[in-house]
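Labels run A, B, C and D following the written order; every chain starts at residue 1.
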Amino acid sequence: MKNKKADTLEDAIARLNDGATMLIGGFGIAGVPEILIEGVCDRGLRDLTIVANNSGTHKTGIARLLAEGCVGKIICSFPWAVESFVFKELYEDGKVDLEVVPQGTLAERMRAAGAGLGGFLTPTAVGTDLGAGKAVHEIDGKEYILEMPLKGDFALIKAREVDARGNLTFRMAARNFNPVMATAADYTIVEATTEVPVGDLDPECIITPGVFVDCYYIAGPYVPGKEEGPRS
Amino acid sequence: MKNKKADTLEDAIARLNDGATMLIGGFGIAGVPEILIEGVCDRGLRDLTIVANNSGTHKTGIARLLAEGCVGKIICSFPWAVESFVFKELYEDGKVDLEVVPQGTLAERMRAAGAGLGGFLTPTAVGTDLGAGKAVHEIDGKEYILEMPLKGDFALIKAREVDARGNLTFRMAARNFNPVMATAADYTIVEATTEVPVGDLDPECIITPGVFVDCYYIAGPYVPGKEEGPRS
Amino acid sequence: MSEPNRLSRDQIAARVALELQDGWLVNLGIGMPTLTVNYIPEGRDILFHSENGIIGMGPRPARDEDIDPDLMSAGKGPVTLIPGGAFIHHADSFAVARGGRLDAAVLGAFQVAVNGDLANWRLPNAISGSVGGAMDIAAGAKRVFAMMTHTAKGGEPKIVEALTYPLTAKTCVSKIFTDMAVVAVTPDGYVLEEVAPGVTVDEVVAATGAALTIPDTVGTIAA
Amino acid sequence: MSEPNRLSRDQIAARVALELQDGWLVNLGIGMPTLTVNYIPEGRDILFHSENGIIGMGPRPARDEDIDPDLMSAGKGPVTLIPGGAFIHHADSFAVARGGRLDAAVLGAFQVAVNGDLANWRLPNAISGSVGGAMDIAAGAKRVFAMMTHTAKGGEPKIVEALTYPLTAKTCVSKIFTDMAVVAVTPDGYVLEEVAPGVTVDEVVAATGAALTIPDTVGTIAA
């Protein structure tokens, strides 16, 4: 069996490179691969394109990646939260690019990449600033715009359980973007809470089959080193 | 809570009407809502369009619907199995229309309908008879054709467990088209093996949330009345 | 709000809650719409969808120690899961929204136009906005209820003939719930359905930036 | 097969199995390709995908009484699930296939063209065909291995310059495994890699409907 387990955080993220497009899971504080992101910060990479729901909040996670100058562009749905002050300052200084994508379109663009589709027609954003310049198709009297797949070089995702094949479960609303991102990257790296023996996961309840997982790292349940207290 | 439970087979299928497009789950002998189909046969409906993986086999299920003259058209990926002799004879007599759709495109067209998309670009069938007449888009040097959503007036699906909210689980490879079809119809009718109390299903393992289910009928584990023996 | 006789945010929420029918699947936008969950009439089974993958979102846990960081609403507030709720991933969650399974979405608004156009994601002078799921949900829900103050802080009407704010989704709003009135958006234009207690029809007309049809009887908001 | 020295279906399957590398995810088409599962070299971990929603499909149950009607291959034969296998629905299953996660697909073929075009779903004179998942899998897999007899029943070559049979997917086949030879499909045309024991290079050339590059050394199929 292919060995997908990384014994150290360094091994887990060793393949990442300058200029890569990285899909990063999570919504709010749930399902963010915080340990992996910390590791990426420590690598001092440059010119990353980050795809995530938001532009980083407070000073950790994606915000720390931004603060340390690792990020050239962010593709997200919610850049302007009050807590996204690190991003705001860099953006206003012209130091980071931004592409705002409606949240459902963001998820669907990654799903399309994972499913081998060349694009899809969505009613979302028709006639809006975010639909501007996109081809409009009228079908049965309803307008749709053509959106393109969004593929990552890497996905960094957070899971609850993992087995040696890379099969994953998630926890409650920490599922969010993680399973979709796992399908949409060339190389998917998982931060999992716990490892279970192969065969322990119910085959009816595996949310991400291991075929989408290239590497996993067991971070355990405790998330250390947060300035704003646990998990925030 | 909306009452989704039909106490009798007649109640479960009471809404079906002549001319309706019906998505019918199943692949081979697994996950076919056989009891519901028998009920539809007994109603003597006419001009149905059936969307399924195959065109009916042997003399029961979709084959019986065909034999009794209920079907005007079949949309499927695998019409010409040896066991599809009922369909073959009707087709050769010009009594039923056929649209052959690649299996992945069939699933994806229903998924698109369920997801509110206007269509999608797929590499499947480019340059083939089944892609003929469809708009070709070249993206990054690769060709795709535009496929349209496929929506049902009704979906008839087979599940393992159901609760009063209509949440569903499936059993092994009997899952197949069933969850996708549940999303793609205006009215989804479930034949379930067993009913469980609300709250018994693990919210992490519900495959089809009840919001996609309009009506369910408990058929039990035993499938009676098959000429070719149980379940075939 | 210094004006008298205006409904509080909670009173608007209570009125919106009345509009949600038994058996509906509903998405509540972040901000004021979230309050709606606290006013669902007893006996009505309303299922709440949260775009971050929760079907059957329940209220905030009764005790703070039961707050779970993995169980938050789209507005990032702590919530619960009702019995029979389910978790789904983001693409599936927006398939629910875009696919027309939401019986209603209650969304905050900067402006509504007479054709039902909604503006709620970006200020006209801002370089960009935080769209979140607003465009997907507004485009996909069967009914969009706009929930807002009747006028902006400076007193400018938010119910207008045509949008001057950036569009979120075309022709989606079917009814508007404000601190002054309930206004239906119909093919024949705005129709005043109800006024807040103590608010006159003339006051609503004056605060509205478009023609308002006044039926013979205008109800009073139960508040 | 009345010709001498032709490989049996099982012998072709054994040769194809050698081609499948450790850690690969593989889809086996219905018919002859299915036999491949029986010849995986010991110690190689090959994960089988079945388009009806099985990842980690295992062999037929050892005992007939363990056959489960809900656990069948795409070819409708009884199978098992390996430990660590998973069930997914049809749209997700074809997302796996179309999305490039299949390291290889082994598919039966009527014809292969020198540019890698595959014909395997419909006879030229048939009014229609049973396409199943062939077009999706052929278009999506990283490698398509065609597995077939070298010639049709009447002796016509199936390895040809350009298809005369209806296309399944363009430029997808990378290698052909027949009862006579292993032929690579390269940018420079067909290259003969191996011949079956007892079959001569000249015999293969005669049975092939297009130019065949013959390297200095041509291997013999281990059978």
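Here is the rule we go by: contacts are C-beta pairs under 8 Å (C-beta built on N, C-alpha and C of every residue); 3 or more make two chains touch, one makes a residue touch a chain.
What you are looking at is a predicted structure, and each value in this text was computed from that prediction instead of being measured.
C-beta contact counts were set side by side for B-D and A-D; B-D has more.
Inter-chain centre distance (chain B to chain D, centres taken as mean C-alpha positions): 29 Å. Separating the CA-averaged centres of chain A and chain D is a span of 36 Å. Work out the mean CA point of chain C and of chain D, and you get 56 Å between them. For this pair, chain A with chain B, the centres built from the Cα atoms lie 34 Å apart.
In chain C, the positions touching at least two other chains are 81, 87-88, 91, 94, 97-98, 139-140.
Of all residues in chain B, those that touch two or more other chains are 108, 111, 115-117, 122-123, 170-172, 203-204, 207. Chain contacts in this assembly follow no simple pattern; the graph is neither a line, a ring, a star nor complete. Taken pair by pair, the chains that touch are A-B, A-C, A-D, B-C, B-D. Remark: chain A residues 27-31, 77-81, 98, 100-105, 107-108, 110-111, 122-130, 143, 170-180, 207, 230-232 touch chain C in the complex. Those residues of chain A lying in contact with chain B across their complex are 108, 112, 115-123, 137, 139, 142, 144, 148, 169-172, 202-205, 207. Only residues 50-54, 68-72, 74, 76, 81, 87-91, 93-94, 97-98, 122, 128-137, 139-140, 166-170 of chain C touch chain A when the two sit together in their complex.
By the touch criterion stated above, chain B contacts chain C in their complex at residues 1-2, 111, 113-117, 163-165, 167, 183, 198-199, 201, 203-204, 206, 209-212.
Considering their complex, residues 22-23, 25, 45, 47, 49, 55-56, 81, 83-88, 91, 94-101, 139-140 of chain C touch chain B.
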